[in-house]
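You will see chain A twice below: alongside chain B first, and alongside chain C after that.
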Partner chain A sequence: MSELIRLESIVKSYEGNVVLNGIDLSVSENEFVTLLGPSGCGKTTTLRLLGGFEKPDEGRILFDGKVITDMPANQRPINTVFQNYALFPHMNVGENIAFGLRVKNKPEQYIKDKIKYALKLVNLKGFETRKVDQLSGGQQQRIAMARAVVNEPKVLLLDEPLGALDLKLRQEMEYELVRLKKELGITFIYVTHDQEEALTMSDKVVVMNEGRIQQEGTPEEIYNEPENAFVADFIGDSNIVSGRMVEDYLVKINGIDFPCIDGSEQGFKPGRKVDVVIRPEDIEIRPYGQGIFNGTIISKLFIGMHYEMLVESEDGKIEWLLQNYVQQEEGDRIGMYVKPENIQIMHKPRSEDEEAIEVDI
Partner chain B sequence: MIYKKRYASPFIIWIIVGTVIPLASIAYYGFMDRTGSFTFTNILAMFQPNHLQALGLSLLFAITSTVICLVLAFPMAMILRESKFGKQGFMIFVIILPMWMNFLLRTMAWQVLLERQGVINSIITAIGLPRQELMNTPGAIVLGMVYDFLPFMILPIYNTVSKIDKNIIEAAYDLGASKIRTFKDIIVPMTVPGIVSGVTMVFIPSLTTFVISNMLGGGKINLIGNIIEQEFTVNSNWYLGSGLSLVMMIFIIISMLLLQKFDKTGGENLI
Partner chain C sequence: MKKTLANIYILIIMLFLYLPIIALIVLSFNESKSMAVFTRFSLKWYEELFQSELMMRALINTFSIAIISALIATVVGTLAVLGMNSMRTKSQNALMAFNNIPLLNADIVTGIALMLFMLILKIPRGYGTILFSHATFCIPYVILSVKPRVNKRTDKLYEAALDLGATGKYAFRKVVLPELWPGIMSGFMLSFTMSVDDFIITYFTRGAGINTIATLIYSQVKVGIRPSLFALSTIIFIVALVVLVIINIRQSKADKDNKMAFNL
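Let's turn to the complex of A and B:
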């Protein structure tokens, strides 16, 4: 896949608040990229820069090899689906969809065909003359999509398009979006704070926080190999604990040695303090004393498919979160085992001072 | 029902005392001659040449001042929309400020400015230009109307313009529209309700005013308002005054109905 969009060291601030602090990102043709992060992380600003509604303070944006940093929104081959849909309330559905084509002075017959095609694409055949305010949230969402895609953009930007829909509709729309993306064969750049949406739909997930990219990778990489505690914490439930490397492939957590698969090669030298992520579903329950470590169950919740349990370590210093299909009672003492490949070792976030010292050496 | 019907009674009394009774008495006098018998003379008096001329002149002045207000108010409302929040409040305050001053006083102030020996003429002569006749001209009356009624145009338009979601305007740009196209196809049609109420609030008082034409027209230019006023005061002919008022009212109702049409069709007719 060839590169379509490139962001180069983008910096953006509003009234002294740095919103984006050196963003570098490459998006390939036909890729479904999700910008994921908590509110205020800069994901929407990144999207607005791509749409042409804002200009970066520093850095540049390339589209198909050409710099488009200063190109206004109405000239970019990019269309946006806005968070609140932003349909024109004084026009009916057909006129809304036609707007972009009428602006470009396309012939009326072509516009008619395009409206038909777009409505069929979003499963709203025959909605041409409906009024916008007669549509449900999900339908408005689809019309907003149709209005954008009739212009045949190379890239579609989607700003939390499912945010206002209820859970069931949201899940339906997730499938719908993936189908649309396949049918249209264009690049989607999607912004959300919902990690489930990000993991289900994307080819690539870009996790952002405080104006920086924390990690980018496939959904599997992001989930299974989080690079830092923020990503691990933001994506799914996880146990994040401090540890120290004893030797290659052995990490000590709370006085207990755990075999793992990371060592000096990955930059974790013996003696180094690290963060360790263990997903709650990766902690296996064994009879007491037969695992690596032991604990007492202090609470138990039934969460539909499985049980979620809090297990206190024997010295009372750590509480582990477990997810398991096996039911255990509160007060049960159990043994626990974690496969070495399920122990994810991460660098401790360093303060800027430490970073500076390291560079000096 | 949260609000019980009996709470509406003060308003019903208000409507009866303030609207129904005065309207009924105007109608009563309007269809009556000096002897107390029923007649259409007062109504048909509108078609006398001098009355028709005054009505035509009133219409011309009212339409002119309404159009000028509209042309001035729209950019103003757009600027207000774009400006920062604190600044917005201050600018609206400045626009409304003159309205706190007495209406007569405001109009009188223009007399002082426009007089032969007034402020504007002193400036004109000071830079060596000939003295201008500014007072008692149609221009002075229209100026007075615009000055007095402009806030009534700005506020409703600003109110609707400021409610347009920023995303909707951005969506228009995003779909390739230029600024002009966005203004013409998105902003203006969405502002029609504000335009309609602004036009209503400027057109009606402009059409019926007699104070502005008295003070800035020097009694030389007779608008329909002046004629009605004179019937009530100078000529003590309540019958004719009421008759003409009734015709004016019907005239205004018809103009309002025409205006409402624009509102309902969502502005499609405007383009």
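Let's turn to the complex of A and C:
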């Protein structure tokens, strides 16, 4: 896949607040890229820079090899599906979809065909004359998609398009979006704070925080191999604990040695302080004394698919979060085991800011 | 019991508010000049009104000033709102505070101030000065009714239009203006009624020999009121009533639209 968009060391600040602090990002043709992060992380600003609604203070934006940093929004071959859709309220569905085509003075017959095609694409056949305020949230979302894609953009920007929908509809729309993306064969750049959306739909997830890219990779990489505590904590539930490398492939956590699969090769030299991520579903329950470490169950919650348990280590210093299908009672003493490949070793954060991110279990 | 009392209470209030006006309307159709007895239904005072050149000229002045000054105020006020929209929130709030002062200020102060201003600059007072003054005091009302329509939502719509390839001008005309239109219309209507209604400011800014209905009635009071003035007042009341009803219908329709937009 060839590169379509490139952001080069983008810096942007508003009234002295640095919102983007050196963003480098490359997006390939036909890729589904998700910018993921908490509110205020700079993901929406990044999208607005791409759409042409903001200009970076530093850095440049390339599209198909050409610099478009100063190109106004109405000349970019990019269309946006806005948060809350921004459908034109005094126009009906057909007029909304036709807007971009009318601007370009396309012939009426072409416009008519395009509206039909777009409505079919988003499964809303025959909605041409409906008023916008008669549509449900999900339908508005589809119309916003239709209005954008009739212009045949090379890139579609989506700003939390599912944010206003309820859970069930959101899950349906996730499948819809993936299907649309396949049918259109264009690049999607998607912004969300919902990690589930990001993991389900994307080819590439870009985790952002405080104006910086924390990690980019496939959903699997992001989930299984978080590069720092922020990513590990933001994506899914996790146990993040401090440890020290004893030797290659052995890490000491709270006085107990855990075999792992990282060593000097990955940059974790013996003696080095590290952060360790263990996903709650990766902690296996064994009879007491037969695992690597032991603990006492201090609380238990049934949350539908499985039980979620808090287990206190024997010296009382660490609480581990476990997810398991097997029910245990509070007060039970259990042994626990973690496969070496399920122990993710990370570098300690460099800045103090990142250190301040406390992990809540 | 409680309900009946409540209804009686409302009835009394309504009577206090509208009985005098009803009396005025009834007397305007009275044949005799008496203000005490209704002798016979007649349109003769309306006839006299429409035949009196003095009154007709005042009528024309009143409404032409109202329409033109409302138009000027609407254009200036709307442009002001659009300008304010690109300012920072702090400056906007400061400007809105300044905008609200003339609304609360006593008309007499505004009137005397305007008169003084014209005297100092040696501007001859007449039709033009009334027009100018009316446009001036109507602008804050327009700003007040258009401002709430320009918000994050209209900004987003504007961006959406640009995103779809529209130029700034096209986006404004096709997308933003229709959103502002109800506010602009009620601003215009409000200005129109304020202008028709005004006496004090007109009194201080008019020149000799030019009258609006309000100043004419005032000068007639001194020589004794003729029932044709009742007829005139009735017409003004009806016009104001119609305009107010239109504003209210528009407002409630706009509110409904807004609610729908926010419920999405």
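Keep this in mind: the second predicted complex is superposed on the first by the 350 of 361 C-alpha atoms of A that agree within 3 Å, B and C clash if a C-alpha of one lies under 4 Å from a C-alpha of the other, contacts with A are read in each partner's own complex, and residues count from 1 in each chain.
Here is the rule we use: contacts are C-beta pairs under 8 Å (C-beta built on N, C-alpha and C of every residue); 3 or more make two chains touch, one makes a residue touch a chain.
Every value quoted in this text rests on a predicted model; they were computed, and no experiment measured them.
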Combined model on chain A where chain B meets chain C, clash or fit: clash
Which superposed partner A:164 touches (first chain B, second chain C, both, neither): second
Contacts of A:90 with chain B and chain C, given as first, second, both or neither: both
Partner chain in contact with A:133 - chain B first, chain C second, else both or neither: second
First, second, both or neither for A:74, with chain B first and chain C second: both
Touched partner set for A:263, first chain B, second chain C, both or neither: neither
Where chain A meets both chain C and chain B, residue numbers: 51-53, 72-75, 78-80, 82, 84, 86-90, 99-100, 103-104, 147-148, 151
Residues of chain A that touch chain B when the two form their complex: 51-53, 72-75, 78-80, 82-84, 86-90, 99-100, 103-104, 147-148, 151
Touching residues (chain side chain C, partner chain A) in the complex: 153, 156-157, 159-167, 170, 174-175, 178-179, 257, 260-261, 264
Footprint of chain C on chain A - complex, ascending: 51-53, 72-75, 78-80, 82, 84-90, 99-100, 103-104, 133, 137, 140, 147-148, 151, 164
Residues of chain B touching chain A in the complex: 165, 167-168, 170-178, 181, 185-186, 189-190, 192, 266-268
